[in-house]
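Note that chain A is present in both complexes that follow, paired respectively with chain B and with chain C.
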Partner chain A sequence: MLAVLKLRKTRNWIIQALFVGALAGIVIFGIVTASQTMQSQGMTSGFGFLFRSTGWPISFSLIPYGFGDPYWKALLIGVLNTLFLAAISLTLSTLVGLLVAVLRTTRNGVMNALGTIYVDTFRNIPIILQVFFWYAVYTHLPRPREAYDIAGTAFLSARGLFLPGLNVTGLSAFIAIVSGIAGIVLALWIAHGRRFSRKEPAARRRLSWGVAGIGALAVMAVLAAGRIPDTPLLSLPELKGLNFKGGINVSPELAAMATAIAIYGGAYLAEIFRAGFLAVRRGQIEAAQSLGLSGWDVFARVRLPLAIRAILPTLTNQYVWLLKATTLGIAVGFADFFMVVAVSITQSGQTMELIGILMAGFLTINYTLSSVLNRINRSIALKGQNIN
Partner chain B sequence: MTATSHIDQQETARPAAWDWLRETFFASRLHAAMSLAGAILIVAIGWQLLDWAVVNAVFSSAGGPEACREASGACWAIIDARWRLILFGLYPHELHWRSATACIVIVAVAIASCMPVFWRAARLAALWIAGMASFYILMRGGLFGLVPVSEAKWGGLSLTVFIFSAGVLVGMPLAIVFALMRRSELPVIARTMSLVIDAVRSLPLVTILFTAAVVLPFVLPGWLQGDKLYRVIFGFALFFAAYQAEIIRGGIQAIPPGQDEAAKALGLSYWHRVSRIMLPQAFRNALPPTISQFVITFKETSLVIIVGFFEVMASGNAAYGTGDWRFAYIEVYVFIALIYFTFAFSLSRYGAYLERVMRVGKN
Partner chain C sequence: MFKRIMAGALTLALWGAAALSGPAQAETGETLATIKDRGHLLCTGHNGSYLGFAEVDDQGNWHGFDIDLCRSLATAIFGDDEGHLKIVPTGWAQRFPALQSGDIDIIVKATGWTFNRDTDLGVQFGRPYVLAPIRVLTRKELGAESIADLDGGTICVPAGTTIERYVAEYAAATGIQADFLAIEKTEETDAAYLSGRCDAYAQWDVVLATVRLKADNPGDHVILPDIMNAEPVAMGMRQGDDNFVDIANWVANALWLAEVNGVTSENVDEMKANPPSPAVAKLLGATPGIGDQLGLKDDWAYNVIKKFGNFAEVWQRNLGEDSPYKLDRSINATYKDGGVFYPLVLD
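== the complex of A and B ==
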């Protein structure tokens, strides 16, 4: 018996079996305790509650929602809000990051100093403090009656930013935005993609403009179809009573979250972009300059593409990390996925199921984002070359 | 002879400085314009800040909120009036000295562990265990005639410092175990561990803290639950460990394989190879990312406000949220930001200094 134990292979098997057994034991122990706790509190487990109506409001939603709507719809709204906020704030923070990185890598002392001050200041202050700060700033703006008037069409007040909008249904607005973006991306791809480089330049240009035109027509058609009857197409915010009516309202919660993530994330992304710019060898830039490319072309066609290739794996991690920062919405009352789950838990008491949904949701979102970015990384990697 | 060489040096030094100035600020007409615009921007912002924070500011709370409303500058009077609330939270007023001393002890221990003298596992452990024990006795009381204060009343800066240091202290050994398990030769253990680490890393910290505070009581029997504070610290430690394990793993992988092979050839056991050969080198390799992980973790302690702790962020919210001080929110946030900034910035500067001294992370 002892001789058997001394065999490395047997010992390894025993260790692994013990490990799996211990893990399974912990999980079973947890499940048993949870079911006991739930029994003693008179609760039933299961996902049936997803089809019960919620009975509570959600402060911000992209699709129509009422008190009578079921839990699954509330959770879906949470996911959509998280994705919506992430799309806005990741785009903004990328722009901020690029700008600051360019400032920090120019050969100009004052610009370098500006970039360094920015990064050192905002990277060393917790993001939740920045969220609270911007929320306090936005909610301390003047009341709607004394709102800042921007050219008579947009208004800035403690209730948020009011912009002119269109009187269309939310769904058609969403489809219109998607088809507009698709048209632009497709047109740009035809104009610049390698796939179409064999076409005649004139035919290529015609095709590109044609696709852009079709996209624009599709946008107009969708908007016309989704128009709310008996209203003017353009909806301007108007002061009615104590608040504005009409137009698009960017709530202080959304604005505070987007501002804070853009500023904080921008400081982190700037450092990554800077590392990327520094990783591009001087010879590459000098070669581009000696070919007579303009300053913008050197940046957009040589420096940025090479830098992106050097940093995309790091950038992927950072984007996933910033996406997770959207969960801070609960601090100011922005109805992101986490906040909807937290409210659902207190309202329905289905703790285990909802935490499971929350974790599965975040794992899916983050896994999708990182696998998409990793695919891009693989497909744009320069084969057989090391640019560092 | 010495006099002439001195003059030579001076003559060569002056154009060099001038060249540097010209190259950094006035390389071309565009650069000169950019420098000028940037300088004007910096001076304008700096002047505005100075004007707001010092020249027109109200520093004393003697005049009450009314004095602030009349002044156009910052209202530091709120800090003067509420600094105890911000720094100590709900801790009993007459015992604030204990909270302050406990906080200072931890900061002193943290500074001491930045000194190379203490960079031995045993010394660091002894230092931190002594520090945490004295912190706990000071805060909790009940020993040496100190009045007991329950964890529910802990708050302010000392709670922030406690959650950070306890989280890191529990998380660091956990991270080493995670990293070693993930590198294990046994496939089941390695796979399970990488699954766990990746799952924890892709969840937001807020959800883990929320799970620790709200969900754990469901799956744990009463005798295992402990105070909410310790459950949240455990969640915090788990999150830190998942990130730190990957940093340590990176440090281990950067060690040339010859090191481990040589140790094996000498017949050292697994534990000797790990503790004497691998980990010391891994920590040296991983020092810069570890420090930046510390900085990130320190800032993330502020998230415990979401599960209802009264740390410095929450007490700051309370400081301007009540009474007549509602308008003075910017001053409170600036004050708290300065506290976080002091800790985070000095830690990251220390990391940058170490990186320079050790010349690691440069390849």
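== the complex of A and C ==
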């Protein structure tokens, strides 16, 4: 027996097994104690409440929702809202970040100063204050009856921005946008990805255009299927009674969240992008210039790709962080995943179960995001340069 | 390596044990004993100010209707609330978990008595002490005379409360199409209505009256007459301790008994010396028989009334004429003044 213990491999194995066993024991003990305590206090536990009707409204939803709908649907709406807000605000903050990083790396003094002021200002104000600030700005716009009229088709008021839209269901619009983006991304991947590099250029181009065409057809088919019957295809906002009817409404809550995350996240991303730009050696830029590439081509085909390769792990970190910032929606009443869970807790009282769902939900969303970005990181890494 | 793993495992095990041992849960039937041992009552406050019910002044002292009930309860148990009451600031969502984990002894926090809270959450409610009509506050310039005129508008509601359900039910029953904007923080909900984000604000009429006072020109706002629903507001306790529920019920009841029998904080000594009826004599401890059964002293009700007055006085001080809100008691008066409240019988 002792001889076995002397083997380092066996010893390590036993220690690890004990460690995992102790961890599992603590978790199981916790669950058992919690459920016993709840039972003795007459509290109901379990996931049966997910199929009970909620009976309370949700202020923003991409799919139709009524008071009689069950809790699982309310939670699903929360997840979709979080993804929707994240998609908008991460895209915007990336654009802001790129722009500011370019400003900060130019040799123009004024632009440089502008970029520096931007980063130092918005990075140093807590994001919750920025959320409150933008929400106050948007809700202090004029009331609907005195709304700013933009060419008779769009209106800006304290109820948000009203834009012309299509008379289709929210879900079909969402699917159409997702399939449109998927089509474009797939087509670009086929056209530029390494996996398809062995294909003949002509065949490759045909395939790429084919995929793009299928994507466009899918968008049209989804929109046609989701059309609300007996209405014109184009829906224009129009003042009726107390508010505007028709069109798309960008609510002040959504706008405040997207603006705050875009501006705050942009300041952080700008510094990451700047680091990436500075990591590209001058020699490589000069080499590109000496090939006769235009200024834009040098930026888009040499500097940016090399910068992204250097910063992708940090970038992944920041994106995951910004995604979690969407939970601030509760402060201004944007019905994100966290807010729906918080309301569900007070309405149903199933605290443990709902917090479990919340954690599992964010783990899944963030893990998916980071593993996709890590996959990209691996595929663009220079082979044979890394330690592992 | 070996040492480091062992140290890590040990830290983790200790941490786990510490996390599990947490706050001790109250033994059923022993709430009163626990409170007496501890030397003070743990009662709910608000995570900010809930005007009229639980508000903090610039010196950090708590005031309000719910706070006075907490103080009455502490006075009944200890003879005095000074040093025997701890107000624990609690959010709406925290109140039930805080009660179950023993962080507080009782919820006195504008809490409606609902089926779900009574059964699934294992909360034992005391007698309702306020009946809160849910109405809407709106701007006069919109010209709305009833909730039906708000069709197509936006209504602000506090998130995670029973009011969310009431407006949903009312809209479904009357066929009104309105957008609902639910916000968690009271201050933000008020600001959203006052800035014009919403056409109307659904809340207890008592709270709406306090919101109206915050407007630049309170005269521009009107509380519509329709009552969406009326919520019975009650104190919440842990299930399985009948003695503590009895104490809470009879403390509130003593306030109504005093009001109906004309006992006030000013004439309480005189009343105790020359009780006009056997019930008043018993209530004020002139004749024994009100303390022992509850595990309290015979003069508990006298102490409470001496310090806080009867139910009408508590109302006037926090919500009525003597407060900034000047609220009429209307439905919350006793049956003698046309309200729905009444004392239980002290025999």
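The criterion applied here is as follows: the second predicted complex is superposed on the first by the 311 of 388 C-alpha atoms of A that agree within 3 Å, B and C clash if a C-alpha of one lies under 4 Å from a C-alpha of the other, contacts with A are read in each partner's own complex, and residues count from 1 in each chain.
In this text, contacts are C-beta pairs under 8 Å (C-beta built on N, C-alpha and C of every residue); 3 or more make two chains touch, one makes a residue touch a chain.
All of these numbers come straight from a predicted model, not from anything done at the bench.
Visitor: For A:199, decide between first (touching chain B), second (touching chain C), both and neither.
Guide: neither
Visitor: Using the superposition on chain A described above, determine whether A:348 touches chain B (first), chain C (second), both, or neither.
Guide: Second partner only, chain C.
Visitor: Name the contact category of A:227: first (chain B only), second (chain C only), both, or neither.
Guide: neither
Visitor: Looking at the overlay, does A:331 come into contact with chain B only (first), chain C only (second), both, or neither?
Guide: So A:331 meets both chain B and chain C here.
Visitor: Looking at the overlay, what does A:55 touch: chain B (first), chain C (second), both, or neither?
Guide: second
Visitor: Examine A:108 and indicate which partner it touches, taking first as chain B and second as chain C; both and neither are also allowed.
Guide: first
Visitor: Of the two partner chains, chain B (first) and chain C (second), which one does A:140 touch, if any: first, second, both, or neither?
Guide: Once the two structures are laid over each other on A, A:140 reaches both partners.
Visitor: Mind working out whether A:367 is in touch with chain B, chain C, both or neither, as first, second, both or neither?
Guide: first
Visitor: Please report the chain A residues shared by its interface with chain B and its interface with chain C.
Guide: Touching chain B and chain C on chain A: residues 15-16, 19, 23, 30, 33, 37-38, 136, 140, 330-331, 342, 345, 351.
Visitor: Using the touch definition up top, name the residues of chain C that touch chain A in the complex.
Guide: For this pair, the touching residues of chain C are 2, 5-6, 8-9, 12-13, 16-17, 19-20, 25, 28, 92-93, 96-97, 100, 116-117, 119-122, 142, 150-154, 157, 159-161, 164-165, 167-169, 172, 179-185, 188-189, 191-192, 195-197, 199, 238-240.
Visitor: Within their complex, state which residues of chain B touch chain A.
Guide: By the definition above, chain B touches chain A via 23-25, 27, 31, 34-35, 38-39, 41-42, 185-189, 192, 199, 202-207, 210-211, 214-215, 217-221, 295, 299-300, 302-303, 305-306, 313, 317, 327, 329-330, 333, 336-337, 340-341, 344-345, 348.
Visitor: Please give the residue numbers of chain A that touch chain C in the complex, ascending.
Guide: 11, 15-16, 18-19, 22-23, 26, 29-30, 33, 37-38, 40-44, 49, 55-59, 67, 136, 139-140, 142-143, 158-159, 240-243, 245, 252-253, 330-333, 335, 339, 342-343, 345-351
Visitor: Which residues of chain A touch chain B in their complex?
Guide: Interface residues on the chain A side: 12, 15-16, 19-20, 23, 30-31, 33-34, 37-38, 106-111, 113-114, 117, 120-121, 123-129, 132-133, 136-137, 140, 320, 324-325, 327-328, 330-331, 338, 342, 345, 351-352, 355, 358-359, 362-363, 366-367, 370.
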